[in-house]
Amino acid sequence: MPDSGAVTSPLRPAFSTAGDAAGAAVSAVGAARLVLARDLKLAFRKRSQLVQPLAFFAIVTTLFPLGVSPELPRLRPMAAGVLWAAALLASLLALELLFRDDAQDGTLEQYALSGRSLTWLLAAKTAAHWLLTGLPLALMAPLAGIALGAPGAAVPGIVVSVAVGTVALSLIGSIGAALTLGVRRSGALLSLLTLPLDIPVLIFGARATELAISGEAYGVPLQLLAALAVLGLTLAPLAAAAAVRINLE
Amino acid sequence: MRAFLDMGGYWPYVWPAYAVTLAVMALNIIWARRLLERSRKEALRRLAIGGTEK
Amino acid sequence: MAWTWFHRLASPPHVYRVARRLTPWLAWPAAVLIIAGLIGGLVLAPPDYQQGDGYRIIYVHAPSAWMSLLVYATMAVAAGIGLIWRMKVAHAVAAASAPIGASFTFAALVTGSLWGAPMWGTYWQWDPRLTSELILLFLYLGYMGLRSAFDDLQRADRVSAVLAVVGVVNVPIIHYSVVWWNSLHQPPSLMYLGKPTMPPSMFVPLLVMLVGFTLFYGALLLVRLRGEVLSRERAASWVREAVRP
Amino acid sequence: MARAKKGVMSDLCLKGENVHLWRGDHHVLRGVRFQVGAGECLQLTGANGTGKTTLLRTACGLAYPEGGEITWCGQNIRADLSAFHAQLAYLGHEPPLKAELTARENLEYWVGVRRRLDRHELDAALARVGADHWADRPVRTLSAGQKRRAALAGLTLMRAPLWLLDEPTTNLDAEGQKLVGALIDEHVQAGGVALAAVHHELAVSAGRALRRMELTFA
């Protein structure tokens, strides 16, 4: 492009666009990294929101021994299911806030108009959501598991399965959060949309955890879980970006 | 006829199943008609208000 | 342009007229086939050597289950078309389909449970087919809930279309995961559907019912579609013509 | 080819042709036509509810017009939406700032998604809007006018040839309103394009910079 505007106009330096060669442009990955950093910093400035899903998870897992029985042998068979149902609900709890604030103050609009891929930016936001809820949940899950009668040897299995599973949960949830962006009091609707889609994750995740607790090989369900996470990684940000754009219209 | 209605002893299951399905079908017909009627009225109402639009 | 015929075909007045004219052509054959299927299934077909007359529930259960999937697939395809080409009529098809699909999913659940009751000795078993059907009902309810959460019809159309497409990608995954889960915990189901050894006297009424139900869906869809098209319409001129009794 | 053409400043032109848009049953934009070229600022006036914001959102590609088209440099903006977005800066009703971050951090993240910022540039932009003293305070502690000023700093930092501004003077004192006028002046004198929805006419001084268009209830 020899006759590019850079030569013909003396005013050119005043403006910068993604297409120019000035070296000022930010790549899609660079932009996504910045969004991730921003969300993490924001979360650490208001810690209460960070702790809430974890506290919720702890309380829900405490309810079961109280409701069922204090005997570990009776709790052990249902430990995996309890862990996963609690993790599912805890991750859902934080979802409503995933895009809410950014939609209200116009940040999402700016992302949609940034000329950067909205898909990448939303993927970054979802990654932040996972780092702030999924990962802590995975680290907390063994504690709850042991309290429900899981042996110490099951800890790595529980951590890995919950960590991988929550990736898929965050991704599926990002679609639900994006869809309900324009809805006031979206909590119940968000659950109704998201939970049925979460069922495969629940099935494979709970199975992997169950096998880990009973000391068997949990490779197969874990692989299926990982496959779900990968599938979600490729498709969910696209769907979320489409939904966000529609809701901004 | 008695034997037919009895359905080999399975009548408490067979007849409710058919009844539910047919009821769903009948309801669907009613709902569809109601929807059409409502949208017709609604369209007429809107047109009466925005009558200047051509 | 090659697309003009496509757009004319999908233009609301055209769709409205065609739908109106086509409805009886689907409705009457549907009625005839369903009545024939009922007679064939309840009277002419012989009792099953294992389940006696209890198996006759298949003639309403299987078509209902078939409808639940067919309608969901139709809905998702229409929603996808509407999303990509911004076609109002396609969104109207999706909107018109959802309640039909949900109601037949409900019928499939109830008839499945009634069929299971004498076979299992309980009204509910976590049988993979029934479980999938239950989840499908939730998907329908979510779709309709999302739709009703928006006042603006156009936004409702487009947002719910994304959900329909996401849902249709998930339906097979959900189904296989449920089958996988069930194979770990339970003996295989007693029910059989489309068993290859079914004699023709049993199988033909089933086929007749399947076709009849499908035509019935078509007729319902056309009626609802007219309503949905009308409520999306702003150009008054043809509506006045069309609505005139 | 198209990209090379966009760079030529004299070609910069945002044009709306017969734009129609509905919100539900309400026909908001009824065949709106407008054109703003390089070195021009078009001010949209009109009573509340006449569609100023809607027109801006349509012009930047957020809302989808059901009839007509918006072109930028002669090309429909939908043809390459992200290339178009890379050339525009949009400022909505709310300054897109996070209460928990400082004004400076906000700008780093907001503008940083589009282009790399260096410290001096950021300092200069903050100084320009009079933010020297409060740039490092959390936005939560700032007044509405100060937030607006911070948003203006972000606007200049984007270095976009096309500005779309929705009520840019909201919450600003007399001096702040003058600042908005001066910034737009600078922008159009450098060959930029500006489209602003305003309640009160902006004090833009550059001679050919000012054009007005009034939206009314059709």
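To keep things simple, chains are lettered A, B, C and D as they appear, and every chain counts its residues starting from 1.
FYI, a residue touches a chain if its C-beta (ideal position, glycine included) is under 8 Å from a C-beta of that chain, and two chains touch if they have at least 3 such contacts.
Keep in mind that this is a model prediction, so the values were computed, not measured.
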{"item": "Remotest chain, subunit D as reference, centres from CA atoms", "value": "B"}
{"item": "Dominant chain pairing [most C-beta pairs in contact]", "value": "A-D"}
{"item": "Middle chain, criterion being Cα centroid separation", "value": "A"}
{"item": "Length of the line joining the C-alpha centres of subunit A and subunit B, rounded to whole Å", "value": "42"}
{"item": "Whole-Å separation of chain centres (CA-atom averages), subunit A against subunit D", "value": "33"}
{"item": "Centroid distance [mean C-alpha coordinates] between subunit D and subunit C, Å", "value": "48"}
{"item": "Separation of subunit B from subunit C, taking each centre as the mean of its C-alpha atoms, in whole Å", "value": "14"}
{"item": "Touching two or more other chains - residues of subunit B", "value": "50, 53"}
{"item": "Contacts with 2+ other chains: residues of subunit A", "value": "249"}
{"item": "Shared-contact residues (touching 2 or more other chains) in subunit C", "value": "234"}
{"item": "Subunit D to subunit C touching residues, read off their complex", "value": "22-25, 27, 64"}
{"item": "Subunit C to subunit D touching residues, read off their complex", "value": "86, 151-154, 234"}
{"item": "Interface residues, subunit A side, partner subunit C - complex", "value": "175, 179-180, 182-183, 186, 189, 192-193, 195-197, 199-200, 203-204, 207, 224, 228, 231, 235, 239, 242-243, 246-247, 249"}
{"item": "Subunit C - residues contacting subunit B, complex", "value": "34, 38, 42-43, 47, 52-54, 56-57, 60-61, 64, 99-100, 103-104, 106-107, 110-111, 114-115, 117-118, 216, 220, 223-224, 226-228, 230-231, 233-237, 239-240, 243"}
{"item": "Residue ranges of subunit C in contact with subunit A within the complex", "value": "83, 135, 138-139, 141-142, 145-146, 149-150, 155, 158-159, 162-163, 165-167, 169-170, 173-174, 177-178, 180-181, 184"}
